Amino acid sequence: MFYHMKELQYEAKPSRPDPFFAKQLQEILGGQFGEISVALQYLFQGWNSRANAKYRDLLMDVGAEELAHIEMLATMIARLLDDAPVGDKEVAAQDPVVGAILGGMNPQHAIVSGLGAMPADSVGNRWTADYIIASGNLLADFRANLNAESQGRLQAVRLYESTTDPGVKDMLSFLIARDTMHQNMWLAAIAEIEAQENIVVPSTFPRKLEKQQVSYDFYNLSQGEESSTGRWAQGRSMDGLGEFKYVSRAPAYGNSPVLNPAPEYVHDTLPSIRGPHIEMNKH
Amino acid sequence: MFYHMKELQYEAKPSRPDPFFAKQLQEILGGQFGEISVALQYLFQGWNSRANAKYRDLLMDVGAEELAHIEMLATMIARLLDDAPVGDKEVAAQDPVVGAILGGMNPQHAIVSGLGAMPADSVGNRWTADYIIASGNLLADFRANLNAESQGRLQAVRLYESTTDPGVKDMLSFLIARDTMHQNMWLAAIAEIEAQENIVVPSTFPRKLEKQQVSYDFYNLSQGEESSTGRWAQGRSMDGLGEFKYVSRAPAYGNSPVLNPAPEYVHDTLPSIRGPHIEMNKH
Amino acid sequence: MFYHMKELQYEAKPSRPDPFFAKQLQEILGGQFGEISVALQYLFQGWNSRANAKYRDLLMDVGAEELAHIEMLATMIARLLDDAPVGDKEVAAQDPVVGAILGGMNPQHAIVSGLGAMPADSVGNRWTADYIIASGNLLADFRANLNAESQGRLQAVRLYESTTDPGVKDMLSFLIARDTMHQNMWLAAIAEIEAQENIVVPSTFPRKLEKQQVSYDFYNLSQGEESSTGRWAQGRSMDGLGEFKYVSRAPAYGNSPVLNPAPEYVHDTLPSIRGPHIEMNKH
Amino acid sequence: MFYHMKELQYEAKPSRPDPFFAKQLQEILGGQFGEISVALQYLFQGWNSRANAKYRDLLMDVGAEELAHIEMLATMIARLLDDAPVGDKEVAAQDPVVGAILGGMNPQHAIVSGLGAMPADSVGNRWTADYIIASGNLLADFRANLNAESQGRLQAVRLYESTTDPGVKDMLSFLIARDTMHQNMWLAAIAEIEAQENIVVPSTFPRKLEKQQVSYDFYNLSQGEESSTGRWAQGRSMDGLGEFKYVSRAPAYGNSPVLNPAPEYVHDTLPSIRGPHIEMNKH
Amino acid sequence: MFYHMKELQYEAKPSRPDPFFAKQLQEILGGQFGEISVALQYLFQGWNSRANAKYRDLLMDVGAEELAHIEMLATMIARLLDDAPVGDKEVAAQDPVVGAILGGMNPQHAIVSGLGAMPADSVGNRWTADYIIASGNLLADFRANLNAESQGRLQAVRLYESTTDPGVKDMLSFLIARDTMHQNMWLAAIAEIEAQENIVVPSTFPRKLEKQQVSYDFYNLSQGEESSTGRWAQGRSMDGLGEFKYVSRAPAYGNSPVLNPAPEYVHDTLPSIRGPHIEMNKH
Amino acid sequence: MFYHMKELQYEAKPSRPDPFFAKQLQEILGGQFGEISVALQYLFQGWNSRANAKYRDLLMDVGAEELAHIEMLATMIARLLDDAPVGDKEVAAQDPVVGAILGGMNPQHAIVSGLGAMPADSVGNRWTADYIIASGNLLADFRANLNAESQGRLQAVRLYESTTDPGVKDMLSFLIARDTMHQNMWLAAIAEIEAQENIVVPSTFPRKLEKQQVSYDFYNLSQGEESSTGRWAQGRSMDGLGEFKYVSRAPAYGNSPVLNPAPEYVHDTLPSIRGPHIEMNKH
């Protein structure tokens, strides 16, 4: 169950309305790495967690915090939209600044949400659960979380660079600091788990069942051999179980495939156009 | 530019057709972490790369390999669909096995693609670029890549556990081994970069601009204190710049927000229903 | 079957082209509550209707009218796009008004549709059947319809406030009037049905099968008790079958859940990381 | 800010695993009218609310409760998935019951989420913010909410009819009861507002600006006059401001539209194919 | 404006209910090439048509007919769903045929639409306007229409092969015949236009502005030269303005690209990781 | 397998950065008919091809070329974004040109991709596999390909008309020329196949199974008889198997449908509201 407190986790007041920036700020509310994404990602990982209580509790703590961040951003965006102009070409033509704002703001902020925040990104794509990840494997998912916080802090920093509004910068400085913590936190959780199992996810699949002769080959499949100078092309593998090997000409282990003709009920292509029937799927 | 060779990177022949499993296998072709996702993710990262040639070359090498994996899976799926049954309730009623196959296969494999693979996942959602990530920041993106290979190997392993077909298992054992390499590879690339800059992405944002007093606090926002026992709640932070601190009662730094009434042209709500106008956005 | 007449239901002529406003007007053509949504919503409700002929006829009448509204908006948008400017930064730099129009118009109106209307909203999201509702239950669906006409009239009014073009305003005044009728109409249809059955949808589910002790409780789950002053927190319930009750501290009827560990073939998480196996799903 | 309590609002334990029903139950978790939809709909309405504190508090109370319902359903689905079978055609062929389960379950429950709930509906469409509504107008939005609770209760009842599991039925009986309350609640809130303003949304748009001569006409646009017998075709209008009028032959107020030819840079169609240029947009 | 007649264009009665086939039949109602797609595609082309009256009238005629096809399919699907079973694993286990139907039917047909047709395809993806095409260029769009009718007839034929129900086959035989006409019709319309202008769309772009030296080259970019034997690799080009030329080794006309480093405010990657700044964009 | 060469197929250098045009250019990279669409469309058709080697090789050749076009556009867009401005209302207000650029550029180019190209169209919709077509029937699919190249060249031409940048125009002149070739190529491939089979897709379905009496009727379903003057309304049908016939009043072959009432477990509508039960589905 959840309980809602009225206070914001941190203040969310712009120094002046700016519907133009409101549109941009939507990115970290309802975009691929916005707060809706991390909130629901952590909560679903927590609800689905079949692991020990420590990790489940961690996920619920951070999931609950991200709900508070959605709230801060929604509040900030609504305030940036205060008294947003509305208008057409005539209105835009009267004042270049109003014209630029009208051109640059999200029209749905006026028409659809009535000067409110929307569950959408900075170009108006509605948030979708395509963005979130919850696999049941903690190491895999914590890596997803580390990525989400890395992308999220990067976007918050880019927005910080784009605004001159002290109130907005103040709120972003808080969110950026929290992303610093959350990157550190997932790095710590990953380190804890990696200390107990092999770093290749999932660690429980017997290595002998994979085609081990290709488990540490780096295949050169593009012109130039600059990639041969990386750490991934030489030395002990990161999981400690093999040696990286740079393969300058990547081999083809398979044959050129020929598919069987389709059965007649599929009405693919005339026999006169198809090639001859080839006996296949013999092993 | 790209050049296509006819041979498959690895053999893709099932021991017998199985339209039921063909549907499941679509997940790692056209799902969130399928081969289309990693191929386009690495290629876009490469094309957008403003970094040194080593990393760009790495991305093009692996992007090209993932295109070969799309091809292997498309071929395998087409072969699993050979002579798939078609039918309605009457047909299904005649034979429980045929019925189960008809019930469990993807009807679009018959109606839409004519027994071919589709750019879709195991429930038929078409692939979308919502799945991919390319931010221009190498460390952030390599973490995204490590996650993608972790989720991808996990899904391939789960499919391996779900099939009894030696031909399918053989191909999956190759893909799983390549995912082993690719996890190792991104771990190596990450280690290289982390050796040169702070591990918090982006490392170039001046820390003094963030609200540093909250950069290492862990906020307890859920019942129970199990999360206090994790590494993230105590000791030196992973970035070496602070000390983790467990905050048992997370504070509210902000006030309870009250929004201004909407201007009249928005036609929100009657004044009699709204509360009083409140002077706000004063800093 | 449908028959198309050439005349528009109402005139759709702007006083001057305005590609900037054309973009905004797309909202009520192809947005969540645009005319495509209501047309297909009413038609699908009609086609699926297993009810008496009066309601089916009503749905077909209004569905057919909404097709005429799509047509009016498509015509208006095409005319607003007449001679829309095309250009890049250089062109935009030459004239601030042209620049604002270029910045604010939908580029797909030039590149994709060739100055025609699109089945999309004001930010370019393509129309999707996610927007429509047809459940087979008339009372539920008429409530959906009342909502659609309420949101639709609200958006049309906001667009009316945004334009200075007399021709556009004239057409909007017609659509707004029709939405007045359609809200009245669904209110009347709802009243007819509510007079015959309980107002809780679906009325045919035996109340004794629901957990009746919580059927009229209002749960306070957020700070502050302002919500206790509403009609929903006291007095006879609207369906006449109970008494509203304000519960200041919402109870938890359930336990803290613990999930079983995943079976091995799922490769979730190492046993050393999971907690102990717990006997569960005992009732 | 939000705080999470460990206890479920109500028990969520099936009497036995049933991956087949788990797929169906996803509908009211991640479908169009699932708990994610109502939770985020109420919360966004609350965050964007520029109205008095009573309604804002109401929205936060109910939004918080819906988060608890997401949690209950996620828990129930994870338990229904305990020890779900995995397999291909061979496995399915061995046992008709296993075959039917394999055919009928969502393969992503095994491959993607590792036996966890997903933010998706019963056919696997991921949840999207296309489903939710927050316009800033309380009366419009409360009608949206009444619809959501009507559709939601209907779906929960249909699922109740589909299961034989006492544990699942028990949880559904709780959710159905809460939907009873929530329909009553929105009906009460609507009644409160309708008592203060005209029932046509938005009530603040001056009626004289709409084309009032068509504000109460019912247009017959389909064969048959069954629709003429409804309340919407005669008598005082529901808003008390007009008289319903049944128009047996709906008039066309507009002309047959002819669009201007496209400018040359659009490369539409050869002049030889187009008709003559017609002077238009003259008012 | 549109007017609706009650009679179906053709009978839509199955010989027996079959919820399993109802799911499959959704493909040609709400799939990529279903009737919703062609109806809205033709209507939007018509509404946006700036061409002569003959083509506009053609588009409205066929658009209106496709609306009638939506209606036929919706009716057929509703009837196939009559008395569809509902149930869980227990119900499925009691009877293999019921189990197969439950496994193979679309659960939303029971839970969401109440045994009605849905605007969705055979796997449940909701219809989206991503499917439709209206560019303003008649030749381009008529090619799109020819494709749509080709894919549509192919899918209808595949469904015909999949059913044993005489009533369903009868309706499909009508739709297939209409698709025969519609392919012929678009072929005729295309022939009319191609007789008046060059067959390369758009014909009005001056050829001298394109890089004419590559306008008829076929580039071999894959292993094997089988493609050299096609008509496209030799002889007069189809537009009569050039000679096809087979180029066995496709040239690279461009250089290897190097992008400028990102400006600092983008926080891409450390200078130590980037390569040197390169003077570029010099022509 | 694929191999990547570093050189671009053609130069992709703008004469000056232009983030405004970068947004527009996204259309032919990631839009419905952008290069991602044709690349994946041809490759999937090739991988699924059960036809003779000539057509498979053709598809792989052109699919590989389209990958090179993605690369060219991604490079061009990244360069157009060099040093793109970032900012809010204040920044926009200082300079009308900067304001117009800020208003007209895609904010995700700054916030999300860090001045890189995105797999999205000109309004920011992410690319989706909804756009592509691969049915297994070569004639159907080659018609889809001809359409794709027609729409694609049309869009490239419109972009050519919109820019004043010589570098961009140069690259577009190359892409337009290649589209000239590709339209010619698909026309040639279509001609080859049509020479061997009937032009109605699929040619293998026995005509006697379709309702042949309506196979060549043109139904007038809209006001006005302008459509009667087209080639499609008279003379020999294009497939040579019938005579076109213009039917001025399209007949209704079916009855007015009445659906059975829903079973009780669906909870549709009260019996008092439904009409009487009607015996149906009798043939």
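A, B, C, D, E and F are the chain letters, set down in written order, and residue numbers restart from 1 in every chain.
Please note the rule applied: a contact is a pair of C-beta atoms (placed from the backbone, for glycine too) under 8 Å apart; a residue touches a chain by one contact, two chains touch by 3 or more.
Here the structure is a predicted model, which is why all the values come from computation and not from measurement.
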Equivalent interface to B-E, taken from D-E, D-F or E-F so that over half of the residue contact pairs match: D-E
Centre-to-centre distance between chain D and chain A (centres being mean Cα positions), rounded to whole Å: 27
Chain A and chain E: spacing of chain centres that average the CA atoms, whole Å: 30
Interface hub residues of chain D, defined as touching at least two other chains: 1-9, 16, 32, 48, 50, 53, 55, 60-61, 64, 68, 75, 78, 86, 96, 99-100, 103-104, 110, 112, 114-115, 123-126, 128, 130, 135-137, 139, 154, 157-158, 161-162, 202, 205, 221-222, 224, 250, 252, 259-260, 262, 265-268
Chain-level touch network, classified as line, ring, star, complete or other: complete
For the chain D and chain C complex, residues of the former touching the latter: 5-17, 32, 53-58, 60-62, 64-65, 68, 72, 75, 78-79, 82-83, 86, 110, 114-115, 128, 130-131, 133, 135, 137, 139-140, 143-144, 146-147, 150-151, 153-154, 157, 160, 166-167, 170, 173-174, 176-178, 180-181, 183-185, 187-189, 191-192, 199-202, 205, 207, 209-222, 224-227, 229-232, 237-239, 242, 244, 250, 252-257, 259-260, 262-263, 265-268, 280-281, 283
Contact set on chain F toward chain A in their complex: 1-6, 48-53, 55, 86-93, 96, 99-100, 102-104, 106-108, 110-112, 114, 123-126, 136-139, 193, 196-197, 202-205
Chain C-facing residues of chain E, complex: 1-5, 7-9, 30, 36, 40, 43-44, 47-48, 50, 60-61, 63-64, 67-68, 70-71, 74-75, 78, 112-120, 126-130, 132, 134-137
Sites on chain E touched by chain B in the complex: 16, 18-21, 23-24, 27, 31-32, 96-97, 99-101, 103-104, 121-125, 154-155, 158-159, 161-165, 168, 221-224, 250, 252, 259-262, 264, 266-270, 272-275
Of chain B, residues touching chain C in the complex: 154, 157-158, 161-162, 265-267
